[in-house]
Amino acid sequence: MFVHRKETIMPVNVGAPDARFGQYLLEQFGGATGELTAALQYWVQSFHVTDPALRDMLQDIAMEEFSHLEMVGKLIVQHTAKVDQTPVYDAPLFQMKGVGPHLVDSQGSAWTATYVQEGGNVIRDLRANISAEAGARQTYEALIKRCEDQGTKQVLTHLLTREVTHAQMFMKALDSMGKLDDPMFGTISPDDTVNVVFNLSHGDDHRGPWNEGKIYNGQSFDYIEDPQPRGQIPPSPINPDDEKISRKSK
Amino acid sequence: MFVHRKETIMPVNVGAPDARFGQYLLEQFGGATGELTAALQYWVQSFHVTDPALRDMLQDIAMEEFSHLEMVGKLIVQHTAKVDQTPVYDAPLFQMKGVGPHLVDSQGSAWTATYVQEGGNVIRDLRANISAEAGARQTYEALIKRCEDQGTKQVLTHLLTREVTHAQMFMKALDSMGKLDDPMFGTISPDDTVNVVFNLSHGDDHRGPWNEGKIYNGQSFDYIEDPQPRGQIPPSPINPDDEKISRKSK
Amino acid sequence: MFVHRKETIMPVNVGAPDARFGQYLLEQFGGATGELTAALQYWVQSFHVTDPALRDMLQDIAMEEFSHLEMVGKLIVQHTAKVDQTPVYDAPLFQMKGVGPHLVDSQGSAWTATYVQEGGNVIRDLRANISAEAGARQTYEALIKRCEDQGTKQVLTHLLTREVTHAQMFMKALDSMGKLDDPMFGTISPDDTVNVVFNLSHGDDHRGPWNEGKIYNGQSFDYIEDPQPRGQIPPSPINPDDEKISRKSK
Amino acid sequence: MFVHRKETIMPVNVGAPDARFGQYLLEQFGGATGELTAALQYWVQSFHVTDPALRDMLQDIAMEEFSHLEMVGKLIVQHTAKVDQTPVYDAPLFQMKGVGPHLVDSQGSAWTATYVQEGGNVIRDLRANISAEAGARQTYEALIKRCEDQGTKQVLTHLLTREVTHAQMFMKALDSMGKLDDPMFGTISPDDTVNVVFNLSHGDDHRGPWNEGKIYNGQSFDYIEDPQPRGQIPPSPINPDDEKISRKSK
Amino acid sequence: MFVHRKETIMPVNVGAPDARFGQYLLEQFGGATGELTAALQYWVQSFHVTDPALRDMLQDIAMEEFSHLEMVGKLIVQHTAKVDQTPVYDAPLFQMKGVGPHLVDSQGSAWTATYVQEGGNVIRDLRANISAEAGARQTYEALIKRCEDQGTKQVLTHLLTREVTHAQMFMKALDSMGKLDDPMFGTISPDDTVNVVFNLSHGDDHRGPWNEGKIYNGQSFDYIEDPQPRGQIPPSPINPDDEKISRKSK
Amino acid sequence: MFVHRKETIMPVNVGAPDARFGQYLLEQFGGATGELTAALQYWVQSFHVTDPALRDMLQDIAMEEFSHLEMVGKLIVQHTAKVDQTPVYDAPLFQMKGVGPHLVDSQGSAWTATYVQEGGNVIRDLRANISAEAGARQTYEALIKRCEDQGTKQVLTHLLTREVTHAQMFMKALDSMGKLDDPMFGTISPDDTVNVVFNLSHGDDHRGPWNEGKIYNGQSFDYIEDPQPRGQIPPSPINPDDEKISRKSK
């Protein structure tokens, strides 16, 4: 059951409203890396996660992300308060859709659940979450760098901070299962190519810890400098709908 | 510059074609966790990554993922070879669109670039990639568990294996930068709430390494059992387009 | 601020799990008429609504819809508990994405914010909400008619009931503003065609209360049986990019 | 069968072309609240509506909306006539796609049939239509307020007017069935919670006609000030794909 | 201005309704190659085409395609008339959305204007139209091959026939401008690589009229068997947001 | 198998970076007519094409289009190199997502596989490809006309040139099969309406080679000036979910 309190989880005060900046803020309301993505991703994951403690963590953080979505929305409300005094061709999204937040990104693309990554196995979910937090942090940094209003900046810095905290939590959870630095999970064993690395982009080649030295199960990477195909040319397609071709001789 | 060799990077041989299984395979051709998502994600990232060695790694793996996309496509070609002898209401996607792979998932939803996570900072990109590999591995496991054809299974196991290898490579890269177990990156410092954890989902509460013990900068998590809002009720919206309301008394 | 309690707002008990019915239930989790659409529609509206009482109502109902989304999700969790014992080509969505709810509809299409209707003026919002409730009710009726599990049916009947309640509330709100049976709102006055009705689809024509009798401002409908265009053929486009055409004579 | 006359249903004359305003006009050509949405919504509904008189009404109005779509398109043609003399970074959509209307909204998002609300029961359809008309009217008001060209304004005012007329017609139709102020329709009876109202968003609470006084079936609203969950914590998910977790002790 | 007659342009009579086949028919109602795509593509093109005769042709055919969309819809109405007597898990789309056509394809994906190809120059438009007709014809062939109802088959054969007619018309139009076999149009002259052909996919190589013999401007194709890059490795990206990397030595 | 060389297929040198022009260039990276659409369209087609020579051609051109995608991306990298010195509200897409290309068009809409046209029969595929090349050429012309940087212009002119070459190749292939000027393909014979042309848009009517003179099979077009419906009004829908209507008499 959801309960809401009308006070925000942290204070939200905008000094100088700017509808153009409000349009940028939509990136974290209805955009790919925004709070709705995070809230729904963690919450949907919580339905299929077997471990009750991890499930509890996911639900706690989901609720915080919903509360952050609210904060971003309240920032946008304040930034769009004077949209009718804004030049007609500035902040076009609010000119057409009205004040306050909408479920679109800063370019006007509607939020889509294809942004959400989840399903199957909690290791996969936690890795998706560390990724989501990194994306959100990155967009908050872009917003803060372009922000001139001190009150807004303070809110955005708090929101960025919390992405760091959540990333930390997801890392701790993975680490406690020994899965922070182990790529393997699930029940299918890899085949004998697991330590092979292919150099398939030629020119200005580099080596690094990701293609030299020890790897999974204590083996070394097996670096193939000039990979050749190991398969044949596959059989031609059998396509009953295709045209029977008799080419004209010229 | 791209060059193609018609032989596949690994052998692709289907024993018993089944168009219904072919439809499931679309999940890894045109689906969210599929090879196109991986190939394009790593390749697009390579354009903005400053470090030439990481860029080289991303390009190498992108090319392998394109080569895997080809293998999945070749599996589907063979599984759909007899679609005209399949019951009319089985494998509906191929009944309508014809043999071979199409850029949709197993439910017929078109591939969309909103599946791709990238941009800004290579730490964010690498975290997105570990997530992508985990999603791909998870779907390959689902496919292998439902697969009855030995030849197909062998290909899928190879593809699952390579996701493990790539995840390993991305982990090694992050680890070499000290960022595998450190949530921080970028240039904005977090505020003083970075060690706070909120219990916002009540009932059957649990503690674990993610909300107790040491955290970022050596501090301990500060667990708030019953969080209260720290903000006020924000000011009412100023909406010039809204209806001026005079409610009828009854 | 959002707070969550792990108990559901109403009991959720499935008797006989059936993953195929679980796939139908997705229609109300991640589908057009589902609970996510309702929850987000009302909640996003609440940001721009000026009247505090209507805003409060929207937030109250939004929270209930989030709580309903949770109930639908919990139904799906129980219906998919045995997905690994389900025939391989039944309930294909869960076969690929795993147990529990996902943010897609029963056909596998991802939820999109284009389902949400809101913006500008609270009269428009309330009308959108009465529509949303009608759509949700309709889908619940379709589900109940196809449902064989008593426990599931009871939950679905409750959810249908609440759509009736919410529709009632939105109607009462509109009525208190005199806008339930008055099409006008906003600040732009209509022109003198407001009472004209065009018969533009010919054959088997019918008249009814919608094109005969009194209408807006006490006038009568002005029924045009065989409408003729009142405009001219508009001027030809000026397209600098278009081909300069000199047609071959044959 | 469709027949077209090249004259427009009403005159369309633009005084001073402005490609930037043309881009805003796309909102009503290929946008969510635009004429294509209305035309297709009513027309698709007409296929499944049993009552021949309501079906006729839906077809009449659908044809008018197609004729309105044409008028909006003709406005855009005239507003974009000088796009090659417009500053290179103004009206970017036409700079890239050329003069005339395209099936996108003012932000460049492609029209999608997810905007259309229809199906099942004509009561639901009519409610969806009142909502669609309100959305269209709202956008026309936004356009008119930002419009400086008298000829354009006159067209837009006509189009707004017709939305009022159509809303009137849909209201009359619902009213003739006794469904304008009755939330119930269909064949499923609500359960005994139909008169309960939950206060789930706390702080600055308000009462109004929507949560006090008489309601459905002559009963009074039963207002629950501090709702408690009536369900238990649902059983844990059974997820065969999930990781078997043994957490490291530290 | 649009006018509608309730009789269909050609007769539509279904013998034996089958909701499963009705779901396939959606491919031509709300699918990529369907009648809505064709109708809207030609009609939207007509707004920007300068030549009045070509514009007239586009409008004539658009109206016929709208009339075909109606015929497909009427087929679906008849095929879904007994959906409530259909097994619960057959034809799932109609089970959830009700009888009659909906704006989705046979897989339930909503129609999107991204299917429509138009803009800029009428040569481009006409080529897009020949392509659209070919796609529509292909889907009608797939439907006819899977259809067992004689009445339905007759309608589908008529619709396929008309795609042939329209393709013929578009070809005649292009040919009259000398553009059916001339790839050039517009105002930009090609550079000196216009006759070069690259063999970039190696193995089982073939030559044919497309890479040997005469080409544009009477020159011969210049076939490059083993193409080498003509550019350098481009400069590294300058990404101010990227991580400054100091890699740990192991 | 895919292999990559880090040198570009043709040189890519930007003189004066302009992030605003970089945003326009996205149209050909992640837009409808862009290189990704072309590359994936031809490559996906190659899986189901039976004729090995045509398959080889499709794969050759697909690889070139991937190499062109890379060139467009490298242009964007250079144009966005100074995005942090660009006014905050210019080039908003890069302000939010960072330097380098992203898989969106110039309006920020994500690339979608619905842009891709393929399937079933190679004649259909080749016609789709001639259309795709025309769309790409058109956008390159729009870009070149708006471009002030000489280096960029040179690259764009090369890319436009290659679209002409590819269109030529596809035309030659169709012509060698006798299908460039013959609308028929596949196995279903048209019915006896194949030579009929309907005048369905009235006013300012025109005749031309597309509706007069000889047509398919040597017959003449049969021009119907004022078409009448040949079908009846179809039977009313049978909709078990619809409301039983008893209209109030007033």
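Every chain is named by a letter (A, B, C, D, E and F) in the order it is written, and numbering of its residues begins at 1.
By our rule, a residue touches a chain if its C-beta (ideal position, glycine included) is under 8 Å from a C-beta of that chain, and two chains touch if they have at least 3 such contacts.
This is a predicted model, so every value here is computed, not measured.
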| item | value |
| --- | --- |
| Intersection of contact partners for subunit A and subunit B | C, D, E, F |
| Type of subunit A:subunit E copy interface by residue overlap (half), same or different | same |
| Subunit A and subunit F: spacing of chain centres that average the CA atoms, whole Å | 30 |
| Approximate Å spacing (C-alpha centroids) for the pair subunit C, subunit D | 9 |
| Junction residues of subunit B - those touching two or more other chains | 1-9, 47-48, 52, 54, 59, 62-64, 67, 74, 77, 84, 97-100, 104, 107-110, 112, 114, 119-121, 123, 138-139, 141-142, 175-176, 185-186, 200-201, 203-204, 208-209, 227, 229, 231, 233, 237-239, 241, 247, 250 |
| Residues of subunit B defined as touching subunit E within the complex | 1-7, 47-52, 54-55, 84, 88-89, 92-93, 95-98, 104, 107-110, 120-123, 175-179, 185-186 |
| Subunit F partner contacts - residues on subunit B that touch it in the complex | 1-9, 30, 36, 40, 44, 47-48, 59, 62-64, 66-67, 70, 73-74, 76-77, 97-104, 110-114, 116, 118-121 |
| Subunit D partner contacts - residues on subunit B that touch it in the complex | 138, 141-142, 203-204, 208-209, 213, 233, 241, 247, 250 |
| In the complex with subunit D, residue positions of subunit F that touch it | 20, 23-24, 27, 31, 105-109, 138-139, 142, 145-146, 200-204, 227, 229, 231, 236-239, 241-243, 245-248, 250 |
| Complex interface listing, subunit F residues touching subunit E | 5-12, 32, 52-54, 56-57, 59-60, 62-64, 67, 71, 74, 77-78, 81-84, 98-100, 112, 114-115, 117, 119-121, 123-124, 127-128, 130-135, 137-142, 144, 154, 157-158, 160-162, 164-165, 167-173, 175-176, 180-181, 183-188, 190-191, 193-201, 204-211, 213, 215-216, 227, 229-235, 237-241 |
